[in-house]
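What follows is a group of structures, each given as structure tokens.
Two complexes follow with chain A in common, the first pairing it with chain B and the second with chain C.
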Partner chain A sequence: MTDEVGYLKAQLEEKEKDIVALKNKLAHLEKSNASVLELYEKVTPLTPLKAKASLSNEDIMRYSRQLLLPELGVQGQLNLSKTSVLVVGCGGLGCPLAQYLAAAGIGRLGLLDYDEVELSNLHRQVLHGEENQDQAKALSAANAIKRLNSTVECIPYHLQLSSENALQLIQQYDIVADCSDNVPTRYLVNDACVLSGKPLVSASALRMEGQLTVYNYHGGPCYRCLYPVPPPSETVTNCSDGGVLGVVPGIMGCFQALEVLKIASGQGSSCGQQLVMFDAQDARFRSIKLRPKQAGCAVCGENPSVTRLVDYEAFCGSAATDKCRKLNLLSRDQRITVQDYKSIMDTAEPHLLLDVRPLVEVDICHLPTSLNIPLSSLEYRKSEHIQLLQESISQLKQQMEGDCRPPVYVICKMGNDSQKAVQVMEKMSGSEVDSITVKDISGGLMAWAKRIDPTFPQY
Partner chain B sequence: MTAQVTVLYFAKSAELSGLKEEELVAVPTPISSQGLWSLLLQRHPRLCVLQHQVVLAVRQQYVAIGDELVALGDGDEVAVVPPLSGG
Partner chain C sequence: MAAPVAIHLEFGGGAELLFNGVKDHHVTLPSQPDPWDVKQLLVWIQQNLLKERPELFVQGDSVRPGILVLINDADWELMGELEYQLQDQDNVVFISTLHGG
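Our next item is the complex of A and B:
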């Protein structure tokens, strides 16, 4: 009898353990299913983020190494958990920024990007993987963040920030991080932050340099106080044509995360009236003390002229993207297609092919017969390059005997610089060099790769 | 009075001037911040596309380009910092 009671009790205990194990397994599965994220295509109202009364045992263990810091402590951690941050751009800056904010236990992350993941993003946009190509960056980033910390609420926005949606979106967040890649978006985010009173932690990176400032924070300046007039679009270099070493936005994005965490936890940022510059080549940080916000500023000043969001693409004279736009500087008879050029090549018609890209790009790929003289050397009449050009043209002229205007075809990557070069060469024709007929190869080497030679590299 | 200063060029200004750093041996002082900027433009005319888009700093302090008088001392650092927009 007692044996049987003992046996049954043991059995029951065994089954109860099984039940607990099954329940845990179910809960785990349900949790990971719940983390299948919905992609937001438009701005919708969010429920307010609730403040936690205390940290759970799991929180204490997870964040223990930062809880030990007197600068953060339990209160700082609780502050992080009730803070929402909007990350504008999930690229080279936004990826490391979002990663560290999530790891540190920020409450809510809005992850905004209108773009899809491309192979050429992966060297710097470290939340995305090979399998995420063609996926919305916002979703790819949110999924990576969820794997890192499932307790962080992630809202992926697959949309272009605009004058119509920016205020509604930014009003719902406590801190905004500008990780965008173009000038119109920087002005738009700035104005929306000023109009809704949000601190703007802004960073940028290009080539081997980075910059960081916290705008609209504790009486400090806004972006417009510093740069009231947008730069002429032709003077702006972006990462897709200027290049960037991936770790540089990585460092700047981490720096942004640091300042966001200091503001969110309650310590405060020390970059509100400072422009911090990072020079990756010299491994040096420098910082410039800025003036306070300007009474005459168009948006944060005493008599602002900007009291609602405007058309930022018109204001800046450029599109809110870092993709290259196509110039149209020449008439139709000044241009030939890549197919035309292919037949010129095939019939071995005497001509000069001039590649006007910078040397570093010519090293990546080039057509075998091309002469390389960068556009800047033509524009600034760099003597050794002009001499080389003169020689090549007069050789060609001798070779052609009868014809007095030897043909010169100009090529570059996308067909923008080649058009500028044609304009420069037309001015030179007949004076600085022999008279020539100069034409641009429309669409450049990327069109050549797409339409003529699929084995030609694209970049 | 003149001063010997080091000019640091960042971002686009380094590209346009072809330099990251240069020494200017005899800069008049005091000089207006506009005068200082004009002096840099004379040396590097290509910098003119950055007009109105640049942060000028002397001894790591922002100076607005205008009438403000700047006193320079030997060894002072002048920085030319156009904004970066990439990310």
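Our next item is the complex of A and C:
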């Protein structure tokens, strides 16, 4: 009997402990849930940002080191707190930009990105961490900003900026920062800023270079004044093809933050009719005086032909993303799959595997038997490389019996350059390359890594 | 006869990749009956520096869209574009616009 009473008391005590633990856990979760940011999937009207009458003691302490600057002062700080900024793109430029704007006490930040965080973003998109992979970039950035300065109002937009939503969105903000990564979005943001009368602080970066200009500001030129015609899509290189050193967009994003802060605080930007070029290799900044606003500009000129937003992907002939597009240059019988190539390898069928990527990519990873001749060397008919190709083909011919056309399989990263290489080689004359059968491996090494060899690196 | 003109050409923003990755070119344009202008310079560049794929650099008698030309640190639009007459020691930059971020 006493045993049972003691046992029940002990049980009860244990359950009570459990209840306390559960209550604590619930309270903790409820508290953190209250500060969880809501992700916006569409554009909705925002309440107007209220101007502060004065700085609180906490504001004074927090911003003291910049309040001491006569260029900013109390009025400048108050101006920052009533300014809203839309950041288009939470990537290599947008992350440091948003970070410094929040740290400086900007009033409201709209953080827009349609994409999710990937491992290959982390070297430059410094607001996102390893644990944020697959999360919406807008949300990941907003959470990081909230940790830095909880007094900044953050609005994460997980959506693609489009002709349908851009005006409604941009009209609600005071300043727009273009941190996007593609040509159609740059024209879209420009036109929306011109049509709604907002200054556009625009930067871009690639490889080891950056550029910055403030458009549509104090009567200065807009993006279209400078670039009335979009570049041919084949001349545009994105970060996933051309590469970028993370700190380069970092520097340019910080520069954008500087110009936004100068405009927001009331000092004004001096980049309204200026192009700032940054060369990271030579550690050199250069400022170039640009043309004034153009009377004949299609959107900000005297008789504009663009009076509402248009189809920017059609205008630019490219998609509003920096993802690689898949080319289809060859017929089906000119291509093989990675599975086909695997069986060619397994049956040890004599062939030549030609890797047409640049050397810097071959150094990252390659298949062991491949011969590397970059596409550009084939296109420019570089003699030492053509000779190397000829030698490899004649060796292959010796291995094969009878008079046949030795098979050459061309591979690259994604299966675009390999198709171009097949076309180049088919145009080569008999004196350059003997009769061969040349095909490309569809999907390239990334398809090989996905479907055949999961241990092969992806980049 | 106009005397030869020594100028400094620079390519950037990726445009240097059409010139073997070389950004800086110090060149001397030979003596010719009329003074050199930018239009003639573009032809000279095509014939002497740019051996392949001219469509990535020029379109018609001007540069292709997306390349900004700067003469002595100013937008060429302020200088007369194709008609600008080159002076000895001029600095001409061809910069491809970047779009990445």
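Please note the rule applied: the second predicted complex is superposed on the first by the 421 of 459 C-alpha atoms of A that agree within 3 Å, B and C clash if a C-alpha of one lies under 4 Å from a C-alpha of the other, contacts with A are read in each partner's own complex, and residues count from 1 in each chain.
Rule of thumb we're sticking to: contacts are C-beta pairs under 8 Å (C-beta built on N, C-alpha and C of every residue); 3 or more make two chains touch, one makes a residue touch a chain.
What you see is a predicted model; the values in this text were computed from it and never measured.
When both complexes are superposed on chain A, chain B and chain C end up clashing with one another. Legend: residue contacts after superposition of the two complexes on their common chain; A:Ile288 is shown touching both chain B and chain C.
By the document's definition of touching, both partners, chain B and chain C, reach A:Thr237. Residue contacts after overlaying the shared chain place A:Val306 against neither chain B nor chain C. After overlaying the two complexes on the shared chain, residue contacts for A:Leu93 are found with chain B and with chain C alike. Legend: residue contacts after superposition of the two complexes on their common chain; A:Val229 is shown touching both chain B and chain C. Common to the chain B and chain C interfaces on chain A are residues 89, 91-94, 178-183, 186, 203-206, 209-211, 226-232, 235-239, 242, 244, 249, 275, 277, 279, 286-291, 322.
Taken in their complex, chain A has these residues touching chain C: 89, 91-94, 178-183, 186, 203-207, 209-211, 226-232, 234-239, 242, 244, 249, 275, 277, 279, 286-291, 322, 379-380. By the touch rule above, chain A contacts chain B in their complex via residues 89, 91-94, 178-183, 186, 203-206, 209-211, 226-232, 235-239, 242, 244, 249, 275, 277, 279, 286-291, 322. Those residues of chain B lying in contact with chain A across their complex are 8, 10-12, 15, 49-50, 52-53, 55, 57, 60-62, 64, 79, 81-87.
The residues of chain C lying in touch with chain A in their complex are 12-14, 51-53, 55-56, 64-68, 70, 73-75, 77-78, 95-101.
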